[in-house]
Amino acid sequence: MSEKGHAQSNIRLGMVIDLDKCTGCGACSTACQAENNISYRPDESQKLRSITWMNIYQLDNKKAYPDFKIAFLPRPCMHCDADHHSPCTFVCPVNATTRDENNGLVTHIYPRCIGCRYCMVACPYHARSFNWWDPTWPKQMESMLSPEVSPRMRGVVEKCTFCHHRYNKARAKASVDGTDPNKAIYTPACADACPTKAITFGNLLDEKSEVAKLSKDPRAFRILEKLKTKPKVYYLSKQDWIRNLADNSLT
Amino acid sequence: MQFAAGAVGGTLLTPLPWKLADDSAVWSQNWSWRPSPERGEITKVPSVCTLCAGGCGIQARIVNGHRAILIEGNPANPVNEGSVCALATSALQFLYAPYRVAQPLKQTKKRGDKTGFQAISWEQAQTELSKKLEEIRVEGPQSLACITSSRRSSMDDLWAQFLTAFGSPNLFKMPSQCDSSRTAAQLTTGNASPFAFDLENAGYVLSFGASLLDGCAASSRASGALRRWKKDRYPVKIVQVESRCSITASKADTFLPINPGTEAALAMGIAHLMVNGANYDAYFVKNNVFGFEDWTDANGKKRQGFKNLVASSAYSPEQVAKITGLEAAKIREVAKEFASQPKALAVWGTGRADISNNTYHELVFVALNALKGNLKPSGLIAVAPKVPLSDLLPQKDILSENASQHPRLDLAKAQSCPCPQNGLYGFLDAIASGPKYPIKLLMVHEANPAHCLPENKLFMTAAEKVATLVSFSSYMDDTALLSDYILPNHMALERFDDVIGVPGAPYGYYAVSSPILKPLLDTKHTGEVLMKLASTLGGTVASSIPWKSYEDFLKFRVEGIAKAKTGAIIDKPIDISSIKAGDPVTPNYSDGADLFKKLKAGTCWHDAPTGVTFDKTSSGKLELACQSIGKGTQATDDVIYLPHFSPLKPSGSESEWPLLLVGYSIPQVSCGYLANPPFMNKLVPDSVLMGNELFVDLNPQTAASLGITQGDLVMVKTTQGEASAKANVTPAARPGVLYIPRGMGHKAYDEYIENKGVNACNLMEVQLDPVSGMGTVWATRAQLRRV
Amino acid sequence: MKEEKTSASGKVVGTLLFVLGFAGAMVLGWVVFPNLLYSQKVQPLNFSHAAHRDNDCDSCHKFRPDGTYAGIPKISNCKECHESAQGSSEAERILVEEYVAKDREIPWLVYARQPDNVFFSHAPHKGKQIECVRCHRDVAKEEKLPPLREDRITGYSMTTMEMTECEKCHAERGASNNCEVCHK
Amino acid sequence: MDRILIPDGVKRCSFPIFSLWILVLLGVIGWGVAAGAAVLIKAMNLTGLNDWFGFGAYITADLAIIALGAGAFFSGFLYYGLSKFFPALKELGKIINLAVVVGFVCYTGALAVLLLEIGQPLRGWFGYWHANVHSMLTEVIFCITCYAIVLVIEYVPLILENRKVSESKPLSLLGHSMHDVMAIFALTGTFLSFFHQGSLGGVAGVCFARPYAFREGLFIWPWTFFLFILSAISSGPAFTALICKAMETVTRKKLVDRTVYELIGKIEGGLLSFYIILKIADTANWAFNMSPRFGLKLTDYYWGPYGIWLLVAEVGICGVLPALILISPKGRKSSFLLFGAFLLDIIGVSLNRFVMTIPAIAQPVMPFDQWKIYIPSIYEVAPVLAMLAYCMLIISLSYRYMPLFPRETELNR
């Protein structure tokens, strides 16, 4: 697995989010919730116990009125491509979270997870949520659960999967159509929904892909690059104050 | 002991302990009390979303034909171009909401008592309702009234048809900015259709308080426009004029922080500089505008024109700076930019556009665009084109004789407004304060005035005076809870509906929303209930509404387009904003049936923009001097004809109420007929809601002067009411102004919604616009203290 | 604590007791326990695969156009031939009276049902020329459907494919064994 | 009543008083067990943990108790392993039984609490079956299990030494033969305990995206791996000594010679000094070399309740100070200073475990995040207290019914 490194693979699924276009409307996050059977509770204001895979951070430039500005930063799982291990995959004692070196997806398998939360401690992006309660839905709402993603149980960790079930379907479709499954492309639910099309998804190693081009844009940056986690989620912004919030002591 | 040792040893060599350990782990992996979603064939069913007026194309994922699991955007729809908003992605949570009304209900106890509702059959419901209608019809049909929020749907016309045929003029709409926009369009262009903006093709956008990105109506279109503005090369400059550092303000290149409600003064100031600097489209103004120069009225009286009004020192940058709180230099700078940018567009709005605007202010913004020449046939502003749907069957003059005796209730109060429009507030006020005639039956359709009407206590008081309140809501909302009968409509995704035009869009648009599923509950399409009631009532009511199903009704309406042979179906992705006024659009449907079939399959109809024409005004030009305002009066003041800054003073004295309270909207909270769905609850920032406490935004300066710190429990008191909340000290707020998020504080629905925060509408003051008589809201005087 | 005697007879008794305990546990663990653990469920009616042998597997167990596997045929499929009874067997009677006539789906018990957390697509496997019997029981000559043996704790069928088997085959054929390939 | 179970020649308090004490302890244990059961049944929302604080009171208590308990066993290594070469260490034999008991209770107690800490305890064994060899937690799981087994093996002979139990010949024989191989277990145990302690340190140190906790190191082990080992051995024996002193105070008897305390003081003084020098070096490297690379300053790690006082207290007051006291013969002579230094020493190590657990994750890493505060709920406090009560219970029972202190009879004659 990880010992091999990932040099030989020519797929690295990644995402670019244009923060200048993001209006914080939340469509990506709700689409994600619907797609991935994310459970909810009557009170969701306790954000530290609220399960969200696509969390939308509100940033501000710390200035006084009227120079005050806000911006939104949607944060999926970064699917870190750090050498050898992602911060979370390194620490999981039971191999519940691993990185697929064929495509760079950092996956988390609920039936394997024992709920030790070590991965959450290791992740600086707070991309992971724990099921503090048994996930329950109002009876009627169980009808809208998707069979394509398994509902979780209490006591396990969950996080953004880049909608890998869509990837599986795209690959299966490719093998039916007789095309190369390794060339299969798909879009996660968030990117599909985004009203300003601020989210671009694809193979970062495919030079011709939009996502590869954008990731090399002069406006592109990643969060906490100094930690060498090598996220596969890039952000775009022209505004210096937003870019400065990407890493500590960036001025 | 040996036995035990043997048993332990033996057991360890059998699968028993290992299998049990494994099985218990596997059991935990499936967790039997967790739902297991049914598997099967997944299909995509296209439709059109009618949760808001935006008209987005959607497609639903359905499992085994009976279970909807996801709403996605329809890439072939030109409005949303495959994307979809947070509310639409949560749409299924309304479909499967526990607070849906499963069958007709009748209140058997006191109104508002949740336990008093008794399930009744549709037959009983319809019989009892038609009996009441028959009685009213005999005693005076004007005593029937309806409030709906339906505006861009054939349902709206069906209600009008029903009430007209029945003999009542009392059909009212929930407030919307399109009413004031329509008033302004009518006064200046003679078209009774709201203004439309070519956002996508503008080269410079000056927005006067329009919450383009803070959850406005048609948010998908605004998002599409933003995407085009933020293009990499030569991005479009956005200037936002507003009092709060909103999302739109943050996304804008320039933010003009302004005293709340003074946007029109700034527009006048800019116009002043353009006129005095001769930096306006003089050719257009000279040839197409009436009332720019001084003019003579029908009585031969010489009147002042807009030019002289705006050029006066009252609108000098220095004066405007005093009113708005901006610097004069900044005003000069923006005026210069606006005047010199070739494709500059001024847009305006009232936050989420669910409140009507001050008519004079609407006129100011029209005037500013007129100076820019934007109302040219190929300009950036048009009026929304009419979709050539079949008109409803001609009426047999049922209403007319009654109407002269029993005018619409808001008009019956004989207010002196010259240009009366949809006067919901006037109507409610009339009922509350002893009407000319009683309202015996009030029907509320797709609206929740008990919650989301600013100054909602007016509705509460009025409702008490109404003998019977009937709700057609699909949900147990705040208004349904107060009703005597609930005749639940199908939920939007279970029924036929249509979308007539995209709010603020210059192109023609029509789409049919077809059901994605069979109705889940014992509900009925309100349109079909009306059809049933009409046929029971018989006579001319029955003959006016001859359709048996709503689908038939829509088919009938679509025939009109086919007869007009205009526009075309869109079934693959196109950039609709690239179609210019006058571009040929060739029909690609054979006849009405074909068109309906295609629309039913989730496509949409469109037509090229039509631009604005002025042939309906008395001068045949764009009238900046609105002659109809002064009609019949011997107005002495020339200003009443002209666009000008005319703030309505909020009640209360400044010394007693030192602060202003302004309601604001955020895209993460649904406000309006639909309550926030659980998915969107996760989006609500914890600076807006924490537990059940709502936060009121105030500037650090204001907070310091009041001795308030972040998170303090505070009491907000306005001239309208008081509420306890928490303080959110944020530089987003203008000093001296409190901002309260709208859409919270429901008193109905379920545990996911009920009692979360405070309803801003309880605290907001409504003032009637002197021109149109519609309720406008901008700020309420308030005080704040720490508890 | 009881005082122990160290007499010879005591030793014999001790050994005997040990053997007894051991043997008892073995019987309990190997024989009684598995029978207790698995329930036996009978299909709603018998289906003879042998009698339908003129078809190959995928004429009934079809793929949908999008490549997903339709699984057990719907009642409409049965209807094509069994609109009226094709014989006098009990199964035939149940089929026609209870399901075809009433247009109800037959609640078949699935022998190979995977839990919710497993993603499995038949399509790529079929493309690799893997025979059905590689994973499923050979039904070509099967006259009578066997009862479904379901683990009472986990709810799994005894014949549910286990992960180790999937992994083994994937490893042999060089297919990816990453978690997300099969889990969702 | 229980006279026949009490070792020969020693005096113990009356049975009713003892029973009362045991009942109190059982009460606390019962409360904690009930709280723990509630967590298992109703899920972990009862705790004060959240998505920010994945680790909390359970882990902190476990880390601290294991540091002290495992460290206690270091005296076993000194006695069984090194006393052959350094006869002075033979003195430790007088307290070695207590050290074994302390190690045993700390480990078994920690294991029980660990069960509550995971969201799916039924899958706890996946840690063995599906182990990820890269995870420090895997190391922890394996070590803690093996070590607990070793400790049971070490503890059993003590039970077998009970007067009544040893009347049974085969059991007594078993006890004796186990004693013979004890040295091997002591050495195995020490290795495991070192490794285990180290991997606990590694748990924090390997989180390379958490600048507060992350440390570089040797091969696969971060510096915290070694620092944890050192800090454990420099505090565990002190912990044993302190417990012994507490027992002496409670029972109003002399249980060991004062020379033992002073010997421990001397050993601890040396070890602690060594540890604290390395710890200071590590802290300096972290603060002035590593952190700037992450864009952080030392002050970025301290905020609000998790202020710089933590560093002052841990390294200064509870590190340098006791080290200075313990290495000076004068300091060791004064009972106040000696036991005061022991106390500071164990507080310092516990504080270290707290710092590496809670403030380390309270710190926001993304610049736009805010510090958060963790407050444990009663469902976390109760099982932790119960674990301590359990430790006391076993120590009390062991003291009453087993010959823990070989010199007790003589010293109290």
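Per-chain numbering from 1; labels A, B, C and D assigned in written order.
Here, a residue touches a chain if its C-beta (ideal position, glycine included) is under 8 Å from a C-beta of that chain, and two chains touch if they have at least 3 such contacts.
All values reported here derive from a predicted model rather than from experimental measurement.
Peer 1: Can you name the chain whose C-alpha mean lies closest to the mean of all the C-alpha atoms?
Peer 2: A
Peer 1: Looking at chain pairs A-B and B-D, which one is connected by more C-beta pairs in contact?
Peer 2: When B-D is set beside A-B, the one with more contacts is A-B.
Peer 1: Where centres are the averaged C-alpha coordinates, which chain has the largest centre distance to chain B?
Peer 2: In terms of C-alpha centroids, the chain at the greatest distance from chain B is D.
Peer 1: Calculate how many whole Å lie between the centre of chain A and the centre of chain B, each centre taken as the average of the chain's C-alpha atoms.
Peer 2: Those two chain centres are 34 Å apart.
Peer 1: Just the number, please: Cα centre separation of chain B and chain D in whole Å.
Peer 2: Taking the mean C-alpha position of each chain, the two centres sit 65 Å apart.
Peer 1: What's the distance between the Cα centroids of chain C and chain D, rounded to whole Å?
Peer 2: 50
Peer 1: From the C-alpha centre of chain B to that of chain C, how far is it in Å?
Peer 2: 56
Peer 1: Show the residues in chain D shared as contacts by 2 or more other chains, in ascending order.
Peer 2: 120, 123, 126
Peer 1: Which chain B residues sit where two or more other chains touch them?
Peer 2: Residue numbers touching two or more other chains: 24, 26-30, 36-37, 42.
Peer 1: So which bits of chain C are touching at least two other chains?
Peer 2: Answer for chain C, listing residues that touch two or more other chains: 68, 115-117.
Peer 1: Where on chain B is chain A touching in the complex?
Peer 2: Spelled out, the residues of chain B in touch with chain A are 26, 28-31, 33-40, 42, 61, 63, 67-73, 80-86, 88-90, 92-93, 95-98, 100, 213, 215, 219-220, 223-224, 226-227, 230, 245, 247, 249-251, 255, 257, 667-668, 678-687, 689-692, 699-701, 730-735, 750-752.
Peer 1: Mind pulling up the chain D residues that touch chain A in the complex?
Peer 2: Going through chain D, the ones touching chain A are 43-45, 49-55, 117-120, 123-124, 126-127, 130-132, 134-138, 140-141, 203, 206-211, 293-296, 300, 361, 365-369, 372.
Peer 1: Mind listing the chain A positions that touch chain C in their complex?
Peer 2: 95-96, 98, 100-102, 105, 107, 109-112, 147-151, 161, 164-165, 167-169, 171-173, 175-178, 181
Peer 1: Taking the touch rule as given, give the residues of chain C at its contact with chain B in the complex, in rising order.
Peer 2: Touch residues, chain C against chain B: 13-15, 17-26, 28-30, 33-34, 37, 64, 68, 70, 115-117, 151, 153-156.
Peer 1: Could you list, by residue number, the parts of chain C that touch chain A in their complex?
Peer 2: 63, 66-68, 115-117, 119, 121, 123-124, 127, 176, 178-181, 183-184
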